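Both complexes shown next keep subunit A, but they swap its partner, so subunit B is in the first and subunit C is in the second.
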Partner chain A sequence: MDLFLQQTFSGLANGAIYACVALAVVMIYQAIDHFNFAQGEMAMFSTFIAWQLMQWGIPFWLVFPICIVISFAGGVAIERIIFGPIHDAPVLSHVIVFIALFSIFNSLAGFIWEFTIKPFPSPFPEAKLLDTNLIGNHELGMIVVVLFMLSLIYLFFRFTPIGLAMRAAAANPESARLVGISVKWMLSLGWGLAAAIGAVAGMLIAPVVFLEPNMMLGILLYGFAGAVVGGLTSPGGAVAGGLLVGVAENLAGTYLIGSELKLTFALIMIVGVLLLRPAGLFGRVVVNRV
Partner chain B sequence: MVADVKMTSTGRRAIPENPALRLSIAGIRLPVWNKIWLILALLIAVVMPFLVEDFSVFQMTQALIFAMAILGLNLLTGFNGQFSLGHSAFFGIGAYTTAIMMGHYDIAFYWTVIPAGVVCLVAGFLFGLPALRLEGLYLALATFALATAMPQILKYNHFEEFTGGVQGIDLDKPKSPVAFMTDDQFLYFVVLLIAVFLFICAWNLVRGRTGRAMIAIRDNPIAAQTMGVNNAVYKSLTFGVSALYTGVAGSMSAIIIQFVAPDSFTFLLAVTFLVGLVVGGVASIPGAIFGGIFVLLIPNFSEWVADLTGRTDAKGLSWAVYGAFLILAVYVMPAGAAGFVRKLTAKLARGN
Partner chain C sequence: MALLEVKGLEAFYGRTQALHGLDFELEEGGITTILGANGAGKTTTLRSICGMVRNNGAISFDGQALIGQATENIVRQGIAHVPEGRGTFVRITTEENLRLGAYTIKGAREVADGMERVYAYFPRLKERRNQQAGTLSGGEQQMLAVGRALMLRPRLMLLDEPSFGLAPLIVKELFEILRTINREEKVSMLLVEQNATLALNLADHAYLLETGRVVMSGTSDDIASDEAVRQSYLGY
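Let's turn to the complex of A and B:
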């Protein structure tokens, strides 16, 4: 039973990471109906920027917002410069550009900061807050931050005019344009938000997995799995899906398949959910009119 | 045009001649030009290995192998409209099939190519079955997961007896049976023979009934279904055939590199194929050759770029150059190098 609890809690902690990435994936999916395969590498790049800022002697509490702002601006810039002109291009072109961004970010990070593994400080205090060995401070902090981000996103979409405009632009671009919403800028905003969420995810994950250019590939896959399990249309579902994937992965690793096939487990989960319940557990079923 | 329709002796309407066939450059008709280019390319392919050193022959062999793999991806993505970011997995399965047969059972290399292809055909077909329900991006996602998971599966310790785990499998290089060729030249011609055979098969495939069905599914699946095309069968079979091409390429690569290891078959290899596909030309068979040559040359080019920056450790930079070329291709040459050549020819051509 102890082992079970231990694994469940450490699964929740991993799940918090996946939930972060899943949240970013869903943000982009909501805005542009595409998976951003470069999401993980963008987050990794943001984390390297944060690391560089800290190397220059800026304290963490200041680096955190600066990095978020830089990432937001970067996300907006990518949408404006690269994706704006090919907005109406076929899906293949979009996938290709995502893959291109993936390799550019990965390779540039390696070129600028080299492929050596770097430690990244945890923003949370060392001293134990809870008297338990089941979950560490950093893991607990991650879960709290993710839930906090989720509620911010909920409030943003539910109660602010810009959030409403973004939802309108995603749901029905034509009508949104007719009532005076700049759909283009709403898309850019969606990219910016996703990049910012990705940056938060990266900065939270880096203390656990260490900072290096390839740190996000596996995590991105789990992030996708979380987003797919939770449903690509629902941010709350993405967080729940991410946590669920984290726990399931850990329990399956302990009791079923061993730790070596964890990525394969993600593959089976993605394919399984897409086959059996394509809308995910919490998503809306989208029916296309032919 | 009605005037062009002639009646044949049996009284049926003859198919009007394609006006594009009458275009010509320098007085030579385009179909003739195509034949000239083809013969010239084959001539270069046959003569070149005797003129350059062994390492260049090895590189040419690699370019051919990439071209075969890219052709496989092209059948799937270009002609059938299904995405795959996971062809590195099939390349790996092909390579491992050959390596296990050669390394553990001492089977001569030429007997391993067909089994490697068949294993991949089956693997591709089986993966294609669930993929039937996945459209566009979802398929890209599922194959992305396949590519990411593949190295881990190859490292799995219960298969280690066969796959050699993290260490992989070392192979002996096949010796050239003829005196006037070095081992590298001999292998080059083996690969060339297989490549030519596969290219001819692909050429015939996409121009026949099957190919038209594949293209119809790509362009409008619902209309294709209405016309009596069995989408499920065609899509999963295309997946299988595509995996077969890539698997044969993987098998050949295991033979010429004489080594397989799980980390050679990562997601980045799948990206390489995609780069070759896009830069060479989507839905173009000669484009696969351009693509193969391109992905082989790019690492050299990026070393040159890295030299400009004054850094020596530029091994990582080639992916940035790949990425830049991908974006450039999407913006400037949506039909790839093959499309560019086609456009150029069309500009030069005059009707007579």
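Let's turn to the complex of A and C:
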């Protein structure tokens, strides 16, 4: 029983990481209807920017918002400059640009900051907050931050005119233009938000996995798994999906398959969910009658 | 000066040309209808005004040139388009659809007022305000499309076959409401219809379109009493 609890909690801790990434994945998927394969690398690059700012002596609590703003602007710029012009191009062109972005960010980070592993500080206090060994402060803090972001996103999409306009632009661009919404700015905004969420994810993950250009490689796959399991249309589902993947992977690793096959297990979860419930566990099946 | 003035309008889908130099105009406060068989270019005409097809020629609205402007900017000048197929945002509620219609309207008070007016015209929408819009009936979605357009507080409404797929009784009701909107809210209308009797009844002016060209124009009464029109469009 102890082992079970232990593994569940450490799964939740990993799951919090996946949930962060899954949330960013869903945000961009909602805005552009594609997976952004470069998402992880963008988050990694943001984290390096944060690290650089700290090297220059800026305190963490300042670096955090600065990095979010820079990443947001970067996301908007990427959409404006790169994806705007190819908006009507076939899916394959988009995929190729995603892959190009992926390798550009990866090698650029290596070129500027080198491939050596760097420690990244945790924003959360060292002293034990909870009298338990099941979960550490940083992991706990991560879950809290992710849930906080999720509620912000929920409030934004549910209650603000811009949030409603973003949903409208993604679901039905033509009708959106006809009510006066600038669809291309909504797309840019979606990219900006996804990049900002990615930056938060990167800064939360880096203290655990250490900072280096390839830090997001495996994690992005788990993030995708979380997003798919939760349902690509649901930010809440993505977070739940991320946590679920973390726990399931850990328990399966302990009791069933051993730790070597954990990543395979994540892929099996993706395929399994897509086969059995294409909309994901929490995704909304659209009712449509004409 | 006419509110809407169209001169030499051509429109293209890829390399096929759908409109071959249309000329027409619409007086402020009036209702003009464009009639024509399937594929004549009626929808294309409305979509050209909103900048949704590649086109050239001249379109001026209240003295402003529209060609070359982005759809959302054209809309912001007070042109509301009720599109063919209704353009419902299916995943959100009826009320959120109306809220989107008022996207360009600043001020919560104005939006709330607009909502009340739409609900006064279409009480059925009020009953269904929290229902997912994709699950509304065809007639209700048509009301929603008109309501959404009304939320924009337009000066000109473009209506693409609002009677399509509706039961005769609902159609009659809807056209009464359109007439009221035109009179009370001073909204000019450009109406595209298959149902010529209905359209000529509502409109004051009419244009007849054949394969992308205007072949006849005049007051609704003149058009309605024309022998050729009677035989091919009115069916008696």
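FYI, the second predicted complex is superposed on the first by the 285 of 290 C-alpha atoms of A that agree within 3 Å, B and C clash if a C-alpha of one lies under 4 Å from a C-alpha of the other, contacts with A are read in each partner's own complex, and residues count from 1 in each chain.
To be clear about the criterion, contacts are C-beta pairs under 8 Å (C-beta built on N, C-alpha and C of every residue); 3 or more make two chains touch, one makes a residue touch a chain.
All values reported here derive from a predicted model rather than from experimental measurement.
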{"item": "Touched partner set for A:116, first subunit B, second subunit C, both or neither", "value": "neither"}
{"item": "Partner, of subunit C and subunit B, that touches more residues belonging to subunit A", "value": "B"}
{"item": "Partner chain in contact with A:151 - subunit B first, subunit C second, else both or neither", "value": "neither"}
{"item": "First, second, both or neither for A:160, with subunit B first and subunit C second", "value": "neither"}
{"item": "Partner chain(s) touched by A:95 [first = subunit B, second = subunit C, both, neither]", "value": "first"}
{"item": "Which superposed partner A:55 touches (first subunit B, second subunit C, both, neither)", "value": "neither"}
{"item": "Subunit B versus subunit C as contact partner of A:274, first or second or both or neither", "value": "first"}
{"item": "Which superposed partner A:37 touches (first subunit B, second subunit C, both, neither)", "value": "first"}
{"item": "On subunit A, positions contacted by subunit B and by subunit C", "value": "290"}
{"item": "Contact footprint of subunit B on subunit A as seen in their complex", "value": "34-35, 37, 82, 85-86, 89, 91-93, 95-97, 99-104, 106-108, 110-111, 114-115, 213, 217-218, 221, 224-225, 228, 258, 260-264, 266-267, 270-271, 274-275, 278, 290"}
{"item": "Sites on subunit A touched by subunit C in the complex", "value": "161, 164-165, 167-168, 171-172, 174-183, 284, 286-290"}
{"item": "Parts of subunit C lying in touch with subunit A, wherever the complex brings them together", "value": "50, 52, 70-72, 75-76, 80-81, 83, 85, 87-92, 96, 99-101, 103-104, 132, 134-135, 138, 148, 151-152"}
{"item": "Residues of subunit B defined as touching subunit A within the complex", "value": "77, 83, 85, 130, 133-134, 136-138, 140-142, 144-146, 148-149, 152-153, 155-157, 222, 267-268, 271, 274, 278, 282, 306, 311, 313-314, 316-324, 326-327, 329-331, 334"}
